[in-house]
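Below are two complexes that have chain A in common, paired first with chain B and then with chain C.
And now, the complex of A and B:
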């Protein structure tokens, strides 16, 4: 399997306290563990089981994902921030891998 | 008029008569009436620009059904026509190159059409004549423009036609299609194929996504760790559910599409370094297939009959330009209403146009316009899908009356039958255009 590739969409600048939309998506097969391959062999479970967002080091969002979530999980949410800072995103894979992205946000 | 002599020497009438023989007979007849000057006006002239699914069909139907009563000249720069439809199947290895190529020989030999291999570069609507790049001109009673598409300059920053060998469009079939296929086959293991998809409206709405399927089919066999990246300015696309279902089934994990929700509408390319910049994020790619924004082929603008968006508005009943009743516009170049820009649509519109032109010039009966279209796409081996509709002419536009589309979850037998139906269609429409 090709390495999962995360992407995010965040405004470059926002106003203090005004909600804005954050979109995230990661390419991932999200194998449920219940499927079989063409030869009838079980395909081992492998999903992104956790998604976390921090702002200036503080947790802003934490999501547990379950096997029913379809491939290439897409998560969109709104947030508001009081000051400029750093948004950090983490996707945790069943195999232990952690994929991360970060983005500066300017308030003003 | 060297050009004219060149044209005449290619003319072959029905029943093996040469134009010279026909003229000799006609001159003898008119001499008997002592009115030779009437002769030139006696045989109405139609000039068709563009020898694709629209133009060649129109030329063929006008010449064939008027039985020599209308003088038909077809202006087309290339000597062999490679159809855009089915060119993706060539990329996927399901067709060979020769099988999508067609010659104009039969149109000249079987229907007496003057085939002129030149570019039409200007239209003098007052004098009713078309200027050719080679220097000649052709006068007409009715002009049919079926020039297909041209690309809008600057629609993909960093790309222009001078880059088409490094980042091919392959959206006019021919050497570009061969080049793209060769680039896909030469990709490094684990490389990235990127497509910059076009904004609406454009030629063949499912075309880019069928191409993705065909590239994935090739890579799955030869380069299974390769990735496909689609950068798309559109939120949605034709047969999206069918394609995405197929990609998930057949090519899981290989294809990623970046729509406008992730910056797919803010793209720039750097051909020298083979980079694609998506809203500021630099992606290194190995093959980059840039399909730019489109407009009617340039002759339509040169004729002064296009709208602000670059397409030529037409009257649905006859395919006449809304700006000039002596000009008809067919296929991709026309702004007509509900029909997609496809070879099937152009062929269907051409028959309506041919009937209207013959009616106007020879008084033959004209029936109410009916149109139809089907777009087949191949997702993988024997995995064909289709979308289609019937249409009628209203005073405003070509209006859809009813339609159909393949469903996800269809059986392998249904999908195979759909693919085989498309093979039959290709053979039939090729005959309908070129034989």
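And now, the complex of A and C:
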């Protein structure tokens, strides 16, 4: 399987305390463990089971995902920050891999 | 009058269908009530204060958009009552993120999506929505 590629969309600069939208997505097949391949062999479960967002080191959002989340998991939420800082995203795979992205947010 | 061959087939067919699909099997057959109880710790759950936006009809069960909002919640869990496994996703919100989120989920067939919120005061609230699925996603 191709290496999962995380993507996020977030504004570069925001106003203090004003909510903005964060869109996140990672390419991942999210194998449920119940599917079979073309030859009828069971496909082992492999999903992104955890998604975490931190702002300046403090936990902003954490999501536990189950096999019922669609392939290429898409999660969107709003957040509001009081000061400039570093927004960090982390996706945890069943196989132990961690995919991460970070963005600087400037409060103007 | 002796039963005709047609009668026997009809009765036999109905009996077979009843055996395969017992009444109410769509509800809780995947253990959704136990899964919700595991989230709430068995606490009472009020039917209020949670907004769940899902399409009434989903053409593609493989990616059904869901939006959930629960003002004052610190955690929100999504469940389904007709997928092989009842749990879908659990969100934990920090102080910078208002308790609302959008996610895309798999629905194997037409069924109910249930959102349960744990409020900041430790009480629980929920709501549910039925979704008709045209082509099931392999959930």
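Definition applied: the second predicted complex is superposed on the first by the 108 of 108 C-alpha atoms of A that agree within 3 Å, B and C clash if a C-alpha of one lies under 4 Å from a C-alpha of the other, contacts with A are read in each partner's own complex, and residues count from 1 in each chain.
Quick note on the criterion: a contact is a pair of C-beta atoms (placed from the backbone, for glycine too) under 8 Å apart; a residue touches a chain by one contact, two chains touch by 3 or more.
Because the structure is predicted, anything quoted here is derived from the model rather than measured.
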Per-residue touch tally on chain A - higher for chain B or for chain C | C
Considering only the touch criterion stated at the top, classify A:7 as touching first (chain B), second (chain C), both, or neither.
-> first
After lining up the shared chain so the two structures overlap, which partner does A:62 touch, if you call chain B first and chain C second: first, second, both or neither?
-> second
Touching partner for A:71 - first (chain B), second (chain C), both, neither = both
Go through chain A and flag every residue that touches chain B in one model and chain C in the other.
-> 71
The chain C residues in contact with chain A across the complex are 62-64, 80, 83-85, 87-98, 100-107, 137-139
Considering the complex alone, what residue numbers of chain A touch chain B?
-> 1-2, 5, 7, 9, 23, 25, 27, 29, 71-72
If you look only at chain B, which of its residues touch chain A in the complex?
-> 225, 227, 248, 252-254, 256, 258, 261-263
Chain C-touching residues of chain A, taken from the complex the two chains share = 19, 32, 34-35, 53, 55, 58-71, 73-81
